[in-house]
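Two complexes are shown next, each including subunit A; its partner changes from subunit B in the first to subunit C in the second.
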Partner chain A sequence: MKKEAHMELFESVQGILTEILDLEDAELTPETYLIRDLGAESIDLLEIAVAMSYRFKIRVEDDEAFLKNFRLHLVEAQQEDLQPADYLAERYPFLSRDRIEEILSDLEGGPTVKIKDLVCYAAHRLDGAPADESDPLLPLLSAQVGVRAVAGPR
Partner chain B sequence: MTLEYPGTLALILGGSCELALHLARAMIGDALRPILTYRNEAGRDRIVRGLEGLSGRYESRRLDLADRTTLEALLDSWGEDPLDFTVDFAHGDYEELVAAADDDVLERYFRENVSSRACFLRRAARIMLRRRKGRMVFVSSGAAENPNPGQGFYAASKLASEALYRSVGLELGRRGVTTVILRPGYVRAGRGRAYLEREGKQVSRKIPTGKALEGEEVARTILFLLSTHARNLNATVVTMDGGLSSGK
Partner chain C sequence: MSGKRRVVISSSGVISSLGDTPGRILESLKEGRVGFRPSSADPQVVVCPVEGFRPKSFLGPCKDSRYLHRGALFAAAAAMIAVRECGIAGEERSGAGLFVGVGPNLDIGGEFPSVAEGRLDRPDLPALWILRFLPNTAASVISKLAQIHGENLTVTTACAASLQAIGEGFRRVREGHLDLAFAGGGDSRLSPGGILAYRKAQALCIGAFPPDLAMRPFDADRAGFVPGEGGAFFLLEELEHAKRRNAPILAEVCGYGSSLDGYSMTAPDREGKGARRAVETALREARVRPSEIDVVFAHGTSTPLNDEVEARLIEELYPSGSPPVTALKSWIGHIASACGALELGIALCCMREGYLPGIRNLRAPCNPRVRFLDSDVNLSCRTAILENFGFGGQNAALVIRRYESHARGE
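Let's look at the complex of A and B:
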C-alpha cells in the first residue's frame, strides 16, 4: 500500500474519531492514545469499529483492532514459556515488531491502543499483508503527522 | 389512533409462523415493508400462501439460526439499506422434563436458540448503530416466567434471550437503538391454537379477562411497540396475558 493511501486511511480514521468522540480542536496524531488521551469508552470503541467496517468495507474484530486481549495473550505466552513478542506478533499480524515491543514497554501506563494501530489494522485488512519493518506506513507514522480535528455532528 | 413509525424496513425472524404473518399483513397495511425469514422451503411456502395477494409488498429471506452461514449471508452483506426494525419470533420447540432430556439435544437447543440469537443481535445491532437508529422487539412468552412441566428448556432459553435483548437496549439506548420484550400469554395461533382447542374452557376460566389472545391483537400490540409512541419502552418486558400472571 502506498504512502498516499496510508495517509488517506489516517485521515479517514481521524474523521471517524472526530465525529464519534465529538472532538473539538483536538490535535490528533498517529501517536494519540484512543483511551488514555481521548477518553474513548467501550460504546465509543464499538461505534468506531462499526464506522471503520462501513467506511473501509472490512470486517472489524473489535478485540483484535483495539488490542483488548493484549495482556491476556501476554500471560498466555508466559504460561507457555514462549517469547512474548513472537507470540503477540502471531496474534496481531497488523502490528510491526517494533510496535509490539513499544507496547510491551508501555503497559503500565494503561490501555495502549493508538490511532496508528487502527490505521495499521485497516491497512492490514485491506491488503491482507502482515506488518513488517519495511511497512511504508511506519515512516509516515513516525513523522508524527498531526491533523487538527474539526468538530462533527454527534 | 394512527401510529407513526420511525422507519419502514422491518426484519421479521421466524417469519413463517402464524403470528408473524398476522404482523406482516398489519405492517403492510400501515405502509411498512417487512422482510420475513424462513428456515426451509415449507416455511417459504407458508409465507407465500399467508400473504397471498400482497406480492411485491414484502420480501422473504432464508435464515436458520442453526446454520451460521445463513445468518452471515443475510446480515454480513446488508449494505447501505437501513434496518429500522427487527421482530423476533424465532424459537425452536423442545418440550421435555429437565431430568429426562438428552445431553446432545439440549446443548444443540441452547446453541440454536440462545447463542445463535446473540450472534444475530450482534450483527443487527451493528447495522442499526451505524445510523444510531433502530428498534428491536423480542416476542417471548408467558411461559418464560411461568412454565408448565416440560417447558423448562423453552423457558430458560426465552429468559436468556430476554436478557440479551434487555442488555442491547441498556447498552445502546443512548445511541438510538432500543429494545422491548413482549410476553404474550395464551394465543389462539400457532402452537397455542391446538392447546386452546383442547383446554380452552379451563384456560379461559383462569384468565381475568376471560379469554385467550387473538393473533391479530398480538400483531397490533407489536405495531404499537414499533411506533414512535412506544419509544420510551426500552429494555423492559411488557406482559400481555389478560392478567393471568398477576394472580394465583
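Let's look at the complex of A and C:
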C-alpha cells in the first residue's frame, strides 16, 4: 500500500474518531492513544468498529483491531514457552515487529492501542498483505507530525 | 405548612422558540414574536421550531450526544443551563435527584431511512442504536455531564410527563428524601415521523394560513394543535437549604396532583373527571382554595375536545367566577411531553414580571363563563395553577406561588 493511501486511511480514521468521540479541535496523530489519550470507552470502540467497517467496507474484529486480547495472548505465549513477539506477530499480522516490541515495552502504561494501529488494521484488511517490516506508517508519521512522532524506540 | 418542608424553584433553564433567557422570552411575548411556520415534512402542517438550536453550546464536548434524539437533546441542554445557573458546585450536587420527562423517539424515518420489508439492519447502523430509543438515555447523559447521582425517575406519561417529573421531584424534596432535585424535560416531534403520528391521529391543525393563525386554544374555530419543540429544567430545593446559601428563589411549588382517566386512549373523559381529580389533588396539597388561584395556565391544546372539556372543568371549579386563564401553547405550540416544563418556565418569567400574555387568536371563546385572556395584561399574580392532560388519559396539575418569606398562617 502506497503512502498516499495510508495518509488517506489515517485521515478517514481521524474523521471517524473526531465524530464518534466528539473531539472537534483535538490534535490527532498516529501516535495518539485511543483509550489513554482520548478516553474511548467500550461502547465507543463498538461504534468505531461499526464506522470503520462501513467506511472501508471491511470486516472489523474488534478484539483484533483494538488489541483487546493482547495481554491474554502474551500470557498464552509464556505458558507455551514461545517467543512472545513471534506469537503475537501471528496473532496480529497487521502489526510490524517493531510495533509489537514497542507495545511490549509499553504495557504498564495502560491500554496500548494507538491510532496508527487502526490505520494498519484497516490497511491490512483492505489489501490482505502482512505489515511491511519497514513500517508502512513511517512516511505518514514524518508527514503528519515531523520530528516529534519519529522520536522513540524506532 | 405544619410539619411539611417547603420547596422552592431556585434555578431555571429554558430553551424555547421564544428565546432561552427570561429577558428574551418576555420580549418575544410582549412584541408578539412567534415562530410558527409550515413544516418541511408536510407543508399542510404548521410547526413551531426552535431555530438555530446548537446542543453543543449547552452540552460542551459530549460524545454521548450521538445517542440523544432531538427531544432528548433539548432536555439535556435545558438541564445543563439549570445546573450552570444554580451555583452549586459539583460535589455538593452529586446527591441531588433527577426527574426527567421525556417522549418517544418518533423520528423513525430519520433513524431508519431505507427500511424495507421490516429489515432494519444496515452497515452504518450505530452499535448502540438502542440508546436512541431507550427513555432513560437523556437522564444518563445529564447525570454523566452534571455528575448528579441521587434518586431519579424518568417519566414517560405522554403530554403530562414533564409536569409529573416536576411534581415527583417536588414530592421527594417536600417529604425529605432529597434537599435538591433537578426536574424538567425536553421534546421535539417535528420530524416526518412525529408529524405523521399526530396527523394520522387527527390531532393537528391542517392547512392553516397564515401559519400564525393555526394555534387558537379555546377559540370556536380551533382545529387541532401545532407541534413545537424545546426543553426546560428546574432546580427544586428545600426552602431552608436555599436560604442558607442565599439562592435566588424564583417561586414556591405548593402542590401537585396526577390521575388517569381510564376512559379513552386519546380523548379526554367527556366529564373531565380525571382532570378534575388531578387539579383538586394539587389544590388540596397546596392548601389553596380555588378562589385563591390568581391565574390558570391551561393545557389548551387548540383541539376541539381538550379545550371544551378543560373549559368546562374551569367553569365548574370556580363557580363564583374563574380567574384569568391563559394558554401558552398559543405562543410555542404543543411540546408534547415537555409542554409542562416549558409552560412552567415561561409562567415563572411572567409571574416575576407581573405580566400575563393573552391567548393568541382567541376571537370567539368556546365558553363564555370562563375568563379567558384574549390580550396581555399587567397583573400581579400570587398563586397559579398549571394543567397538562395527555394521551392515554394522563392528567397532571401543579400549584406554584410567588415566593414570600412567611407562608400564610405561620
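General remarks:
The working rule: the second predicted complex is superposed on the first by the 138 of 154 C-alpha atoms of A that agree within 3 Å, B and C clash if a C-alpha of one lies under 4 Å from a C-alpha of the other, contacts with A are read in each partner's own complex, and residues count from 1 in each chain.
The criterion applied here is as follows: a residue touches a chain if its C-beta (ideal position, glycine included) is under 8 Å from a C-beta of that chain, and two chains touch if they have at least 3 such contacts.
Everything numeric here is computed off the predicted structure, so don't read it as measured data.
Applying the stated clash criterion after superposition on subunit A shows that subunit B and subunit C collide. A count of residues in subunit A touched by subunit B and by subunit C gives the higher number to C. Once chain A of one complex is fitted onto chain A of the other, the partner contacts of A:51 extend to both subunit B and subunit C. In the superposition on chain A, A:23 makes contact with subunit C only, while subunit B stays out of contact range. Once the complexes are superposed on chain A, the part of subunit C occupying the same space as subunit B corresponds, among 42-50, 114-122 or 330-338, to 114-122. When the two complexes are laid over each other on chain A, subunit A has residues 43, 46-47, 49-51, 53-54 in contact with both subunit B and subunit C.
Interface of subunit A with subunit B (complex): residues 43, 46-47, 49-51, 53-54, 59.
Note for the complex: subunit C touches subunit A at residues 61-63, 65-66, 123-128. Across the complex, subunit A meets subunit C through its residues 20-24, 43-44, 46-47, 49-51, 53-54. For subunit B in complex with subunit A, the touching residues are 76, 126, 129-130, 171-172, 174-175.
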